[in-house]
């Protein structure tokens, strides 16, 4: 197994096919990143929301308890 | 100490099938105007083709088999939406689900009625449209044969989509979206049989495959449609 | 409890439908819980409860149309889904919607209904329509009829098919006073003849001996934590 | 046989906790293998003698195409399990699989189109494989559209599960008929993949990428499912504990 290109510039150019190949891999990266980041963000956003909700509830409870 | 007042013979599936078929045919008969709609649509779209592309008979002839098949498919699809919708709206679908009849045969009866008032007229009207699109001599018989068998499968598969979207207000477009990919094999074999016949090749193979599709669809599609009706009406 | 005669004739002493620990949950929201009741021949049972307490859902569950429930429903001693068609054959359900086709005549509509059921008619269709006060309308297309008359077409089925179990969702809606009286008599006769009526209504009934199930009593208790989901509904 | 494990498998909490342990490892291996595979394919695999360097797209296209088809079956099996055993978790998996599958099908389509430009001189050619991919994409879109159309979650789940099952019966038929249709209309001489001719030096990076994509699929499915589980179970005690809420304090209110 050996590195198939003369230089890094060659690797980028890929004898003229560079734009196509790199565009493909770019889109691939975007899709992979999207599929991994969306659920993680969804989850953390949801946990934050739930925490706020519970904190709100706890505050409301505190007021009820201290009421005469 | 028995009560003979409630003597109930077991209902016969055949009688239920006939009752369902009769009712749906009677309903279509009462709405004669709607009966013609798919046909008029069929005719209009075919009129658009020469206007939009070219009136050259040779060009049209090469286009005719595929064009007629695509439009027949669309016409059948557009008429599919009402298959269960009106029954859902007035509560008779609910009555259908709780009637002591196997739902499979009820769905089959409804699809048969639908096919008799859409697929069959489309098949009969197809030669006329063939003339308008300069379909070559050898294509007429195969066109009618493939449409006859193919529209039956279209109605059966379409019934599944109609059942899945029955509870949705705006189900029409969604129905097309979910069902059209499933129509692709029928379109491929139907249209290619007609072109093959025009080129003088045998078409028994394609006809046999279309027949096999119809047979499988008769067995499986009503099961899926019945299941879909049960879950759609549940919500 | 399980005893059916050869002809499918129902003995008066048997219970018809047993509902055991029934609860209804739709999309995470619990409507009622822990409902247990035995419906016997001769019973008229009125389901009560505030709006949204699940009256219609309960009736739909009993017809088998709605499956969002947990618990058991027995038809003459065995689960009503084992011999579904037999159960449905003994059942008549009138829902919110009359289930009447507007472009058909009352006669055609009832003809379809009887064709779907056993086809066994107690009295001719014309007589049934006369009973509900639609004499002379047999061959008028239903879109010429009023809402009340449409409902009467549906009610005519009560005279036609001899099913023991009637499940009626608001049968008195859009029915005038004399019609209500007539219907009440019919329900009484049905019960006296060994039938069973399960119904919801907002009307004050003048009937005697009506059992009542108030769904308010079965409302889910306020729980601190939502119940953890345990894989499969067993 | 004891079916306890199967029941537990359906418990969202059990699933969530087990996958929490698995997740870091899975993420690490997935990203590592994908990275190794891409570098290998892009820089170290020899160029194809006919297609030159543009063939390097197959290291992305083929795994994506594999997974989009396999993903449909994952979705169908999940849907069937949900319908038969009324297992809610299965429906959650089905929903997640629809989104991931559609995204991967999209990737396969786009990469196929980009590969077509230098090879056939056109962005879009009605090649059998790419046409089948397009139909598969439509099938995914249909399932997602049906899921979104219903207000009631139960109905949405059940109807889209039935649609997936109907689609599953149809997919082999569609693929076969598209293949047949393609041979009818003069096949293009160059195909994106010619399985029989592929040289080991190209096969190994391809296999690496396929494995990487399978792992990635599992990872994405688990992540989506976990997010969905939290949403569904938001009122349960264990989710509250997970969010760091003082559970006992809340009980004192009642």
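As written, the chain order gives the labels A, B, C and D, with residue 1 at the start of each chain.
Just so it is clear, a residue touches a chain if its C-beta (ideal position, glycine included) is under 8 Å from a C-beta of that chain, and two chains touch if they have at least 3 such contacts.
Quick caveat, the model's predicted, so the values are computed rather than measured.
Asks: Which chain's mean C-alpha position is the greatest distance from chain D's?
Replies: C
Asks: Chain B to chain C: how many Å between their CA centres?
Replies: 35
Asks: Using Cα averages as centroids, what's the distance between chain A and chain D in whole Å?
Replies: Here the centre of chain D sits 17 Å away from the centre of chain A.
Asks: Return the distance between the CA-based centres of chain A and chain C, expressed in whole Å.
Replies: So the centre of chain A lies 54 Å away from the centre of chain C.
Asks: Can you give the whole-Å distance between the Cα centres of chain A and chain B?
Replies: 46
Asks: Check each residue of chain C and list the ones that touch at least two other chains.
Replies: In chain C, the residues touching two or more other chains are 68.
Asks: Note the residues in chain D that touch 2 or more other chains, in rising order.
Replies: In chain D, 152, 154, 234, 240, 250 touch at least two other chains.
Asks: Which residues does chain A have that touch at least 2 chains other than itself?
Replies: none
Asks: Would you please name all pairs of chains that touch?
Replies: Once each pair is checked, the touching ones are A-D, B-C, B-D, C-D.
Asks: Chain D touches which residues of chain B in the complex?
Replies: Against chain D, chain B makes touches at 160, 164-165, 167-168, 171, 174, 177-182, 184-185, 188-189, 192, 213, 220, 224, 227-228, 231-232, 234-235.
Asks: State the interface residues of chain D toward chain A in the complex, per the touch definition above.
Replies: 34, 38, 40, 42-47, 52-54, 56-57, 60-61, 64, 96, 99-100, 103-104, 106-107, 110-111, 114-115, 117-118, 201, 216, 219-220, 223-224, 226-227, 230-231, 234, 239-240, 242-246, 249-250, 252-253
Asks: In the complex, go through chain C and note every residue touching chain B.
Replies: 5, 7-13, 41, 63-68, 85-86, 88-91, 93, 95-104, 108, 111-113, 115-120, 141, 162-164, 193-195
Asks: Within the complex, which stretch of chain B touches chain C?
Replies: 1-12, 15-16, 18-20, 22-23, 26-27, 30-31, 89-92, 94-102, 230, 233-234
Asks: Of all residues in chain D, which touch chain B in the complex?
Replies: 135, 138-139, 141-143, 145-146, 149-152, 154-155, 158-159, 162-163, 165-167, 169-170, 173-174, 176-178, 180-181, 184
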